[in-house]
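The structure under discussion is supplied below as structure tokens; questions concerning it will follow.
Chain lettering (A, B, C and D) follows the sequence in which the chains are written, and residue indices restart at 1 in each chain.
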């Protein structure tokens, strides 16, 4: 069953120079009980995409498309409805998780302030839950009574995860939560997310990252974005092992692999930079960097082509005229 | 424990500041050309006889070698003796003591109330863009006004043209300060214009400060997080406000510390008998001792205010506490 | 937060309400029994020896042997009934009968002797410098001052009243013998020390509100009532009024009765018709002593009297008065109005000026002199001296706006004869320093003319170490005349010496009087009338501390209540002072409307919030 | 938006409404100060000068004439000249429009000089302290904090009072000397954060001298900041110099805006209703500072897009 269905979503930024098309007609769905990964280079629109689900503020504008969350279109909810859903049903662990907590408020106060906003009345109950969860993530109960500034970075990260999931949201968005962390802490975070899923604290997770290797470990299905467009979407294993889109392939080949010696596998970067989203080319947005670009690439936009069970990619190389 | 080290460090820094400021204060006038005694005597009588000059040099201890003057200065300081004013012919401490209440009467309410009102207006402007668009230029205009010029306008319009309020002195000339109703009424009516002249202008800068802080804080990660988790506007503002107000508290304390310096130009416009005018007169007339005394009081109170703020912050701002417990 | 705000706002609103309810409640000091004057220094000290900055401390509380009427130059016997040279070296003072201290004890010759000696002990006076050998009490009412050799009669005359650096106030021996003279300099005589303030005068110190006002209350047992009548005001309150702007305000509102401040008197009279001044026409204020343009006479080309004369001729005082400070036309010699009227005829001033003097504003003649001196004009029209453009630095005081505008006008006027003037403004102390060190070309000051006698004027200006000889002028002949002058008491001889000195002045031009400075003075006739004015100069409108015995006390003792008819209109108020009423002239019976003398004008530098001590 | 060219920034700035307003207002006053004297026959001191054989001799106008008064002045040589007093005259018969224009010049000049001194000093001390660190930092910052603690107006009064002759340059110097500390503090913290960036490390590895690194690597990254600090210093200096002038410690050789106000109050302009004497100078000061504020917030929005509120 789909927890979230996004259809042809367009999210642009209004700037003095015109609209920046950060998310331009993206469709996907997130199912209950799965971890859905979103990957791409920085600036490809992945953060914009997930943030637009939570909150759209100027200069971010919704230019079309739907995002059905448990049957309701997030893009059309009233301010108050949207506010109520957040945290209780739809929550986020932000990219800046280490600084997400107000430095001058005790963690228990922050939590209580939020919980009260969402209809909780029993402060002790909330605090008890908080302490319990803190223990669950291997933090001392006392952290509840501390100020965020008194915690180390990693502790703050975990505390934020606890805060974000405290009210058992159905869908949790984890936005680049691991980017700034060292490998061991990354591991802890990922384990925690697994743990949350296992315990039924969250039902589904959207995991946003630029690190494909990480997705391999956590995501059930994944989607790769490039310049505001979906280039490939499908079960993680398939996408990683049989990438169909040249971009995905390049992305993957730029990763070092465990067990393979450097000399044997030449790491390849992707030459060039992502195009400006202010005036994207009509056709494929990747053609400027694509080693296999065809004549029609600059002018014709490729559609998603089915390349396997639930596995799609958008590239003229895959044909797809018929789709 | 970190707190102790923190305190010791602060005390040392403030101590050095104090010694430095006071020494500078002692040194400056003595480096300058001109004989203040002669100026003093000749100004009042026309020509000065050497007899009188010698007499006064002895009275003020200016005939002693420099190092001894410096030593005496510190010794006297710790006895609470700030010297003897040449201009006013009275102990500096007593002159200051009699002027200070008037400064406090004007400045304390002006600073505190403008702080309250300014922060309130600034916070509203910070979170409400529509309101901000209209009020912000006004705040900037207020903050740009030389406060003595605004005082002049008030005197001219309210005092001279409309004749609603008295605008000169601290109370009616036929009264002697007392706790009588008549005196209080007179005092208050003389108080309003100077108070307003400072209050209104000060609102501008407080409001700007608060507005900018609120905008800054509302952009901060923790507010974005709160918002993402469905916090109401009210809650976000509450959190932002708390953090935004901290620097404003510092500003308030510093202003209060500088209060004893008076509001020189305002006091000139309103003929208010405060310390500002004392300082100015002392400066214009090279009254070493009064100038030093007044400056000293100012430095002490500013340092005290700073010190107090440092201590208070160690308790109210966990960030400060975190910084010293770490190191 | 909002709650605090509400409280605060309510407080402000309440405050405003209090304020708007006009302040009209009865005060402790009934207006019709209280005279308000103003002091440009805040009352902080009541030390009668030095530093007292309360008007009337000298003159109204403590009294001298003689009072000086500043405007007439007359000495008025006060505690003394008479004082004269009974022998060439013995000056005998006889006190009035029935003198008492305010505590009821009699005031005797012993007190006089004690006072003179006490001043010397404190270090304020040095009698031996004047040759005073001994002070001898002859009997209860008689004191002899015995000198060694021939005393300087002229200087001794200045010691009979009290002022800056001269004279004494008579103090009670029974009080002051208990106070160590060494303690005196730092005493304020306020608070606990106020008990020592036992004088002999018509007023006692009632209360001092530190830094703001001081209040005198009438002494109803004053010994002088039978000689001078009972003073009219029960209270004299002097307010600290720091500058002209504030004074103008208060005069307009009628809060002040009298004061010494520069205000636009014409405008002020429009606003408050009760205001009167010394004169009814410009300059309104009493012109008292000329402000001099000094030359640094030791520095070329100012060392040449012909050059100085040319500059004097280029100066046009009329323009200075019109466009600069309020003042009167000066004479060529450095005398104030009083001294002029006293001596002009006796020394045939007009004749002197015709023969030796210069003509103000005669640019043509001035140019001729400079041409004769060979000071050629360069291509820009500036005069040269030894081939170099002449640039004179006029040093003046930065806070003294009158002097600055005077300097600017002089600068402008000297352009007409091709002399370039640069105006350097310094603070008062720095300016005096420059004058004393001779570090200037031109300077402005009144110190030398602000003197009570002709001798004092010329002594200050022409003698080698004259207190106001800033230009360092030396002339052996003048020195010799001054020495002889000091040893005479004969009025004819005095006239002779003054004439000779004036001749030297006119020939040598050590300095040029540029305008007659005025003593700013305005009085309010709504509550008190009979103020001294040009027609009836019984007292002196100088309301500063330390000039009490120069005529302030006389002025304050001469006022009368305005009477119950406060309905008096502008016109009656004006007429009551413009013509001397018989009451005023009789009331001050013995005062002499004669030749005036003395001084005035220390006000000028004061003008701009420059506080006198 | 990270690498917009300078030109683009300028373009954005001129498209910013606040910047437009502030810049326009300031430009107006600067132009007014420059060409204002063209509209009046009076010299800087408000007097009418006439050329007599190569030397200029002044004539005075009538006293306290209201604005737009026409007057016939008789000059030194007896010529009669009709003049217009645009803003009336003061009690000395000096033309107030002329004084205002020249006073504005002086005030702007003083403020510019003071701002330059204060900013340069602040930047230098801040850069050195931040970059060098260690004892240099400790000492400089202690000094800075001391200066920060002492109320600058009191310090200004102290210094100004002890200088017997004051030119605009000297006034600018003392204002500049008391205005630098907060610039220093802010520049230091900027430097601290910049100094650990890669490009600085690279430069160090490349063996560049400290001085060169400071000027070629660190400083260019603070240009926007320095510019804005300079503007704030400028407005602070205008206010400080006006206050000093007002309390009688202004330049003794020139007319300035504060000086006009001081004279106005000393001669009872308030009581006698000579409003043309004291309203214009204060209004100009206020408007200039407002303009500077607007330039500053305009620029802030340009440099820091997050703050854009339009």
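Heads up, the rule we're going with is that a residue touches a chain if its C-beta (ideal position, glycine included) is under 8 Å from a C-beta of that chain, and two chains touch if they have at least 3 such contacts.
Because the structure is predicted, anything quoted here is derived from the model rather than measured.
Traced through touching neighbours, the fewest hops from chain A to chain C number 2.
If each chain is reduced to the average of its C-alpha atoms, the one that sits nearest the average of all protein C-alpha atoms is B.
Judged by contacting C-beta pairs, the busier of the interfaces C-D and B-D is B-D. Relative to chain A, the most remote chain by averaged C-alpha coordinates is C. Centre-to-centre spacing of chain C and chain D amounts to 43 Å, using the average Cα coordinate of each chain.
Centre-to-centre, using mean CA coordinates, chain B is 23 Å away from chain D.
Computed from the mean C-alpha positions, the centre of chain B lies at a distance of 39 Å from the centre of chain C.
One finds 54 Å separating the Cα centroids of chain A and chain B. Counting only residues that touch two or more partner chains, chain A has none.
Shown for chain D are the residues that touch two or more other chains, namely 161, 164, 248, 265, 270-271. Residue positions 33-34, 268, 284, 286 of chain B are each in touch with at least two other chains. Per the touch definition, chain B reaches chain C in the complex via residues 33-36, 38-49, 51-52, 54-56, 58-59, 84-91, 94-95, 98-99, 109, 112-113, 116-117, 119-120, 164-170, 172-177, 181-182, 184-186, 188-192, 195, 268, 271, 273, 277, 281, 284-286.
Taken together, the chain D residues at the contact with chain B in this complex read 142, 145-146, 149-151, 153-154, 157-164, 235, 239, 242-243, 246-249, 258, 261, 264-265, 270-271, 273, 275, 278-279, 281-282, 285-290, 292-294, 306-307, 309.
Per the touch definition, chain B reaches chain D in the complex via residues 13, 16-17, 20-21, 25, 28-29, 31-34, 129, 132, 137, 140-141, 143-146, 148-150, 152-153, 155-156, 159-161, 215, 219, 258, 261, 264-265, 268-269, 279-280, 282-284, 286, 291, 294-295, 298-299, 302-303, 306. The residues of chain A lying in touch with chain B in their complex are 51, 54-55, 82-88, 91-92, 94, 96, 99-105, 110, 113-114, 117-118, 147, 149-150, 160, 163-164.
Partner chain D is touched in their complex by these residues of chain C: 243-245, 248-249, 252, 263-264, 267, 271, 319, 322-324, 377, 379-382, 398-399, 401, 405, 408, 412, 415-416, 418, 424-427, 429-431, 607-609.
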